[in-house]
Structures are given as C-alpha cells and as structure tokens.
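Every chain is named by a letter (A, B and C) in the order it is written, and numbering of its residues begins at 1.
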Amino acid sequence: MKVTFNLNGGPQYLDVEPGEPLLWLLRQLGMKSVKEGCATGDCGACTVLVDGRAVRSCLMLAPQIQGKKVLTLEGLGTVDDPHPLQKAFLDSGAVQCGFCTPGMVLVAYELLLGNDNPTRDEVAEAISGNLCRCTGYVKIVDAVLLAAQWKREGRWR
Amino acid sequence: MHRTGIRRFHLARDVEEALSLLSAYGGGGALLAGGVDLLRGPPGQVEGMIDITGIGLSQVGEARGGLAVGATTTLTEILKNPAASAYVGGILCEVLRQVAVPPLRNMATLGGALVSAHPWGDIPTSLVALGAEVRWRGEREGKAPAEELYRGEFRGLFRSAVATEILFPPWNGAFAYEKIGRARYDIALLNSCCGVGIRDGVVAWARVAVGARPDRGERLPWAEQALVGQKPRESLWGEIQDLVQGQVEVGDDRRAGAVWRRHTAGVLVRRALIRAAEKAGR
Amino acid sequence: MAVETRQRGAVGQSVTKVDGPALVTGKPVFTLDLDVPGTLVGKILPSPHPHAEIVAIDTSEAEAVPGVRAILHHGNVPRIPYTTAGQGWPEPSPYDTVLFDRKVRFVGDRVAAVAAETEEAADEALAKIHVEYRVLPTVFSPEEALASDAPPLHNEPDAEGIYDAKRNIAAAVDIPVGDIAKGLAEAPIVAGATCEIPYSQHAALEPHCVIAYFDEGGRLVLRTSTQVPFHVRRIVARVVGLDPARIRVVKPRIGGGFGSKQEVLLEPVAALLALRTGRSVRMACTRQEVFVASRTRHPMRVTVRLGAGKDGVLQALDMEVLSNTGAYGAHALTVLSNVGSKTLPLYNKARHLRFHGKAVYTNLPVAGAYRGYGATQGYFALEVAMDALAENLGMDPIELRRRNHIRVGETSPIFEKIGEGREGTAQIIRSCALADCLRIGAERIGWKENRGRRCEDGPWVHGLGMACAMQGSGITGVDMAAATLVMQDDGSFRLLVGATDLGTGSDTILAQIAAAELGVPVDRVLVYSSDTDFTPFDTGAYASSTTYVSGNAVLRAAQDVRQQILDVAAAAVGERTEVLELTDGAVQSRKTGKRLTLSEIGHRAIYVVDQRQIAATASFLCPESPPPFAAFFCEVAVDRETGVVRVERFVVAADCGVAIHPKAAEGQLEGAILQGIGHALCEEMLFSKSGRCVNAGFFDYKIPSSLDVPGIKAILVPSEEPTGPWGAKSISEIGINGPLPAISNAIYDAVGVRMIRAPFTPERVRFVLGATA
C-alpha cells in the first residue's frame, strides 16, 4: 500500500507492506541510526520522533505514519555540522558504545523542545524509557543539561 | 522483530467504519490505537489491522463534574491536559506518570490499557478504584463500570466493539496511588489505589483497590466498609492494614510471592489511605 | 620518575572520542548497518528440552520451503570439539562443544541452522525441521549435578580438558598456602560469609550479530560484533575447516560487550552457511536468544572464612567456590580461578590461605566471561565477611581495610599460585593509591558523620556501607598486543591496532598514547582497529587489558617512530638527534633553534632525500598485571515495611594509575557501578521447573533505567604505574566488584540484617527482616 510522509524534512511516497514494522522501513530507507535492540518496545534503541513525539518504531507499522512527520537522528545533524545536542553528548562523554545514542538524543530533543531549563530529575524522567548499559546515565544527563544551557544561551539553531 | 501475517491496513474514518471492518474480518481483524500491546507480542491471527486513531476518540474534557477521556487519547495527552490534571486532586496523572516510560506513554492509549487489562497494570486498578465507567459501540451502544466489565467476558465484548470513552465520576474527597516495582520504570509487583471522603470528621466513603496480586486490580469492599463512619486516625489505618493483610486474596508468580504480597498489600493500602485522607482533609 | 619529566600532551585530556562524531550522528558503523546485496538470513533452531538425545532429525519438509538454501545439523557438519570461549591459544576452557551435537544440554541449545532468502522462509523452515528427541534426566543446580546418581552432561568421548566429566565437574582448583585449618583455629577473632549470585545478563544493547560475505578474491569476510577478532579467525578456521588465510574478520563499532561478545557463537555458523551456499549470510540473535543462548555471569556460591588477630590483621583467609557453568564450560576454569586470584592478594597479610572450588555443569544456559570475571562474585563474599569481621573486632570497617590491604613494594603468594587456568606470575605492587581512595571516598560519603546512625525517615532507615576491590591489567604471559604506526607524507599518522574498542573508548585512548609521544594533537592520529587483514595481532578486549597491554604496544611503536622522525630531522638540519625536541607538531633544535614541521619531515622522508617509510610495528607481552584499586561507599535507605531498598548515593574512588582519558575512565566506573547496582537490587534470570528461562527479555529482567541511578560520584585518585603506558592501569572492570558488598553492608548498617543472596529484592529483604523482627 502507498504511504506519503515526511522523513527528516523531505517528502516520501512509497509502497509498503501493511504489516511492515516502521523500524524495518526506516532502516531500508538508509536510516541506520534506528537500531533494533529488543523488538518488543522495552529498550528504546529504535526511538524516532513522529510529529514531534518520541515513539518506538518497532511497535509501529509502516502505514501508521501516513501523513506524519518522522525525524530520525540522521535528520538532526551531521558529522560536519552536528546539532548542539549531539555536540553536547560528545563533549560530555555521554557516548560509549553509541548503540543507545540515537534514541537517547531523540528523547532528549523532544524534552528540550518543550523545556529548555529542565532539572536533573526531569532529564532522568525524560530518558527513562531508553536503556543504556554502558554509561550509568550520569554523563548522558550531564549532556542534556549542557545542551539545555546552550539552548538558553541561544546557541541552538 | 515480529513479522505479522497482516495483509491489510485500514485507516478507519469513523466508529461505524471501524465496526464494519471489524465485523467483515470475523475474528481476523484487530483495532489498532497505540499498538504497544498489539505489536509487541507474537503475531497471532491478525489479518486486517484497523487503525482507529482517526475516528475522533482522542479528547479529554470535564463531564458531569468528572472527567471524560476518549478511548484513543494517549497517556501523554492525558498527562498534559489541564482538566485531567485537575481531576480529583490529580490522581489520574499521579497514576499515569508511573505507567511505563515516556515514549510508550506517547503511544499507549487509555482505551488500550482498559482493553488489554493486564493484571500487573496500574491503570486497571485505578479504573476500578475510581469507579470509571466505560462506553462502547458495538452492535449497539453500551456502558458499564470498568469493575463490572472486568468481572465479565469483556475480552469477548471488545472483539466486536469499540471502546469509545472512559468517564471518571466526581469524588468529594481524595485518592492516592502506591506501587512497587523491581525498578522505577517497571510494571507493578503490587499496587494500590485508595480514596476517602471525609465529612463531619468521619469517613463518608472509601475506595480500596489492590492490583497485581498477581491478579488484576479489584476493590476490597470489606475494607471500604470497615472505614466508613470511622474517624480518620492513625490507629484506623493500622487496623485496615491488619484487615487487608488478613483477608486480601493474593498469589505467587515469578515476580513475587504470596506471603510478601499479603503483607505488602496491607502496607500499600495503609499508605495510600493516609495520603488520601491528608489530601481530603485539606 | 621518568614519566614525570616527559611531555604528556594529549594524555590526561578528555579529548573527543575518535569515533564519537559518527556515533552521535547515527552513521552506519555497526555490524548490521552494512547492506550486502543478496544476503541470506541465517537462523538457529533452539532445543525445547533441557537435556535430550537427538534420535532423528528430518529436514526434508524444511528443505522444500521456497527460499531455503541450506540447513545445518549434526548429520551434515563435521564434528570438531572446541570451546566458544574466545580465548588465546592454548585455550584454558574445555573442548566440550561441537557446532551441532547429537545431544542438547539446555533449553535454547543449538539443534540446527537454516539459511534462507527471507526471514519468513527461515522461520517457516525452522518450524518444519522435525526432530525426535529422547529426553534425558536433568540437573538444574550444582548440588544436583554433583550428586552420585546425577546424569553426566558430557559423556561424549571426544571432549577434552574436562576436569571430571563423570561427576559433571568442568573445572576444579585447590590452592593451599600455609595451614588454613591451623590458621583459622588459632585466630582469636573469626568471621565469615556465604554469598550467592544468580544467573545474570550482560545486556549489551546491541544483540550478537554477524554478516559473512565473500570479497572480490573469494575470501570469507566476517563482519562481526566481537571482542576478539583474531581469536574468531583462528577458531572459525578450525571449526569450519577453512584455511585461516582465507578468512578476514572485521569488527566495526560494536554496541557493548561486557564479556558476552568474547564468545565465538554465531560466527562459525554464519561462516559455514556462507560456505555451503556461496552466498552472504547475516545472523542476529533476538533479544530472547541473547538472554538464553549467548552467555551469562557464572552463578556462584562463595564462602569466605577469615581469622584475624585482635589488631585486625588477617591471619587466615579461606575461600571456597561452587560455580555453575551451565551446559558448557566456557571460561569455567578461568572465571573460577579469578574468584581467588583477583581478590585474595588485596589482603596479603594472611599467612594461611586456601582457595578451592569447582565449576559444575548443569542443564541451564551457559555462563561465560562477564565484566569482573569471578572477582565480582568473590568480592561479594569477601567484603561482606570483612564487614562482619570488623563488627566482631569492634573496629571501623575502613580501619580494618587499612590494616590489611596490599601496598607498594608488597606482594602476595596468590599472584604466583593462581593464573588464568595455570600458574600465575609473581609480581610486586608498583603503584597503589588505595589508602587515598579510602580516605577520599570516606570523606565524600560522610562516613564519620553518617555511619551507624540509622537515620530514620518514616519507614525508611538509612545506612552506610563500604567495600574495596582490585582487578588486574591483562593476563600475564598470555595477552599480547601489537601496533603499527605509520607516518604519512603530510606529517599525520595512521595507527593500526588489533585492539578492540567495544564502546569503552580504547581507539581514542590508544590515539592519545601515540599522540602524546609524537607531540601532536589526537586528530593527527587516524586510528584503524580490529581488522585481521589490516591490523596487527591483539588478543582482544578482555581481562582489562587494552589500555595497559595494547597501550604499551602503541607507546613502543610511537617511541620507535619518534626516533625515526628525529633521525630524518637530524639529517635535514645537520645536527645530532640528542639536541632535537619533538613537540607541538615540529622538531626543533635546542642548540640552533632550527625547526622542521612534521609535515616537512613527512614530505622529505617520502619524496625528497633518502626516501623511506617512517613506520614501526611493536608488540607488548603482558609481563605483569598491575591491579587498579578502588574503594566503594554507598548510602542506602531500606523500607522496613515493604523491603524495598533504595541506593541513595554511591561514591567510588578508584586508582587506575594515570587516567589517559578521565571522562572515559569515569564513564567506565559509572557504568560498572550501575550494572553492579542492578545485580544487587533486581537482576536475576529465572527458570521454570523444566529449565526454561521465564524472563528472557527486558520486560521481565529489569536493568536499571535513568530513574534507578543514585547520585554516582566517580573519583579518579591518581597513582603512577611505572610499567603502564604514561603511568596507566586498567579501569573497565573493577567498578562492578563494589556494589554488591557495599550495598549489602549498607543494608546491615541500616537494619542489621545481612543480605547474602543477590539480588536484594523487596521480597528477600522483607523476609530476612521478618525473620529477625
């Protein structure tokens, strides 16, 4: 069946299988930042934003994004021009293996869009659905707070 | 990743279309809203997926002094809604903040939680405690308290009906919610939602529900009766704790044992009652 | 010390991770992010029985499924005993595994494998493989396995290296020093503890996965999520019967390992499927398969008995271990050995020691390497026993550690007696800042003010606990790493290392070690790692080895290249190398001030005069294994009514020598601490009566989320390890050894009960409290 949606700012018009998980579709489209860590919605590695809200792409079917805006990590910044939030993750030492990083950055992005002065507890709450086994979350929370500070200072584009 | 046997996907435009599609598939159709339960398990027999998020059931508003929540409203939408936040001192939001994690709350719907009715769920216990009434459309319209549905064959009902709305009645008093999980983002090993109304210095009404026993949340009418007419005081809460510990029906599962559940059920009920009474007294 | 006078440059700076920009922007750098056109899907048929003989296997219906290209099972695959443990040669783990056996030994064991064009076809084929089993009696605990009438799991005649197959003992150790019975009997003060750790999971976020494909020359390439690419090449070659020269193993970025990806699990199956079909094959474990069919921590019961003088100085230390290795003996002997070898030297005052134990087969999932590697299990019992000893002595637990811990210039007989499956290596401690760690950590947690106060807040009672630990830095005489450093014509460098960065940041740290020696910023050193075609050998990422062992290889290569650079520069400026300095990207003469940039030197060496490649390859064989040390402190709150335990604050003060990359070092500690808190509070694999894991997934096996993190403060307490690269020792494992005993001891401080069986669930805590109330 046909679906039309917006992926990272660009229009997509595609034929998809009705039972195709959104995670698979996005990876087929080259969005390899969308990771499969459990396929049961428990880990958060497949997180993407749909209409600005973080969701589990393993628990969505491709046709469900008809008419919606999908943001994956590829749509946020690039190696040469990272988003300040991505830079904050780098500067804070928030990336170890990097497998949870795409989902983690996106839930943090969702939080900071609505709140540029979160407390440590609010950050912990916002990222609580995204499991990380490497960092103990300490430096991830540091990174989100640093990015929030940069946002308040007008350093986000 | 579960590959499903899904052959068709429909975006229903209204309740009627959803119902006629559901009926056309016989047992092979499923209503899809948040999808967090439907798509996490094994594929099952679903052939036709019927998306009902566009049939106008996503709204929250005051109704008859209480709260009306459309069945496909996501938990996040409820949490962000001022009317929901104000409902009975914020009890609904107190519960929902402890359900799953933010991205799953962005997807999961109140109707989905109602229908999935997981025994370890936070929402079923709260629906029962709060006296929520469920409205649905099937062959005809229907309504019933969630508690009554859960005592009957509700799973059969929702194979051919769409839950449309959950109505939360007004309460002149306050509720509180207690939960214990293995981690802070876990399902409940045990939960309790309790409420009291206090008039003229005595308990005018009481609601006591305990869930994840490991069975689904149920009210404990004998505990409620023991509260009504009593003066709220420290010893009363202790007596209720003892009563619950003596009489609550609990069992073992791999997550916790009956002995701990029995003891802890009393503790959680007492704690919820104390907090509810404090709020009600303010 | 010589190190002090050398210029450190990039060392000690938390520079940007060299792979960070790609990771943080979601570039396709992981194993499965590579799309190889025409790749088949490989899947494994798991055993439904915990112990059974395969009487017959019928694949005819499965072969008829459209899209199925190959099916492997015991009937069509050569039988070659090996171990999946992924260790260096000679492997200390028993050869008790074959790719597909006639017998299955746990629910989830490998029965057959399929390669098909699609996931659906592979699944359908698996469902249509008909296997007739003859169910055998089972053993689900070490005690059952050791019973005289227990069925032997490994009665196959071709297994090698099993300690006592008839009695289900995979490995056994007994190391006496002095006379333990006498020592314990004569000690005026004694204490002890028996502590148990259950089955638990590494839970790396990326499931195990591999792509096997053929390059232009028809050689087999394995792109795999592994910690040991060189061992994968060696082991796969032997097991599938391929010339190792025809195999290239590439480790791209990997999504965590923690020991689980030291195991060689999917690679030989994928290789064989690729060879049989002539096609590329990808295999990935589902999360459920990772839980059941990859590896776990060794469940153990460890008993420690201590005898001390009235001054608190230990006189006797007895440690007995019963380890459950599951259905196969991967790491059975070495993890068992490390329970003692990584713990007992910490308290080197006791003259009477005994370390003894067994690792036993059961019909449960296979245990393997997991961060801490036995030390975690050992420290749980040792440090709880030390807490009990302090109480019996009426002495502060910190003071007890002060009186007993090993110091610079000291040794322990254990270093020599216990190695990795053989004798160890005598060594003396050359760096140890544990005394500082104890002092700094105690101050930070407020030990004096808060210990023993049992502060109450409603039903919550607060308590403080502490523990110490050490680990090692590589395996002496076994771990060898090599590095090749090449100078380019623009004066930048290529660093080729076999070392395996599993998310720890070792690529960055190795670049820093080279950059510091070469006087350049880290971004002038391009790191390429873990490719058996292009990088020199390295044993791999385990045993806390990379910074120390691979780092020393890199440093040696950099020293060699540095000398070559100075030689070229000396010829160019007509001066002796002794008067030349290499700093800030240039060589300058102290005598004449003449200056040549590295870019000029690189250009000159390649194109101008006496042309040659400035390059060096160096290797380093781990001569001794300098331990990092740490002191752990935590505050817990215990809900007396429900048994819920909250870790409120956690402080770890650790000595890893010079931290090459402080933020990475802190990150290792923070992550390890939280894994340890998970072990302490909630992590446990549960099994049905028929041996099936009933919580194989993150829904019912909870690892801590961001909401479950207490305030964790990781403090790096510097020392200078003279044998380490730029003074460095390891840091990646030690952090996981502290939380179990520190939390148990804090619970004791709060409510007076000893939690000796992990995890300390509300139910267990409440039960123990109820028993004493």
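One rule holds for everything that comes next: a residue touches a chain if its C-beta (ideal position, glycine included) is under 8 Å from a C-beta of that chain, and two chains touch if they have at least 3 such contacts.
Computed from a predicted structure; not experimentally measured.
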Message = With contacts counted as defined, which of the two, A-B or B-C, has more C-beta pairs across the interface?
response = A-B
Message = Of all the chains shown, whose C-alpha centre falls nearest the centre of every protein C-alpha atom combined?
response = C
Key: chain A and chain B, separation of their C-alpha mean positions in angstrom   = 29
Request  = Round to the nearest whole Å and give the separation of the Cα centres of chain B and chain C.
outcome  = 44
Ask   = Which parts of chain A, given as residue numbers and ranges, touch two or more other chains?
value = 36, 39-40, 125, 128-130
Note = Among chain B residues, those touching two or more other chains are 1, 3, 101, 184-185
Task = Indicate the residues of chain C shared as contacts by at least two other chains.
result = 699, 703, 705, 707
Query = Can you list the residues on chain B that touch chain C in the complex?
reply = 1, 3, 101, 180-187, 189, 254-257, 259-260, 263-264, 267-268
Request  = Under the touch definition given earlier, write down the residues of chain C that touch chain A in their complex.
outcome  = 14, 16-17, 19-30, 32-33, 202-207, 253-256, 258, 284, 286-287, 502-505, 663-664, 666-667, 670-675, 697-699, 703, 705-707, 709, 712, 714
Remark   = Given the complex, residues on chain C that touch chain B span 119-120, 123, 641-644, 681-682, 686, 694-695, 699-700, 702-705, 707-708, 761-763, 766-767, 770
Touching residues (chain side chain A, partner chain B) in the complex = 1, 18-19, 21, 23-24, 36, 39-41, 44, 47, 53-56, 58-61, 63-64, 66, 107, 110, 125-126, 128-130
Message = List the residues on chain A that touch chain C in their complex, please.
response = 30-33, 35-40, 42-43, 45, 72-74, 76-79, 82, 86-87, 89-93, 95-102, 105, 123-125, 127-141
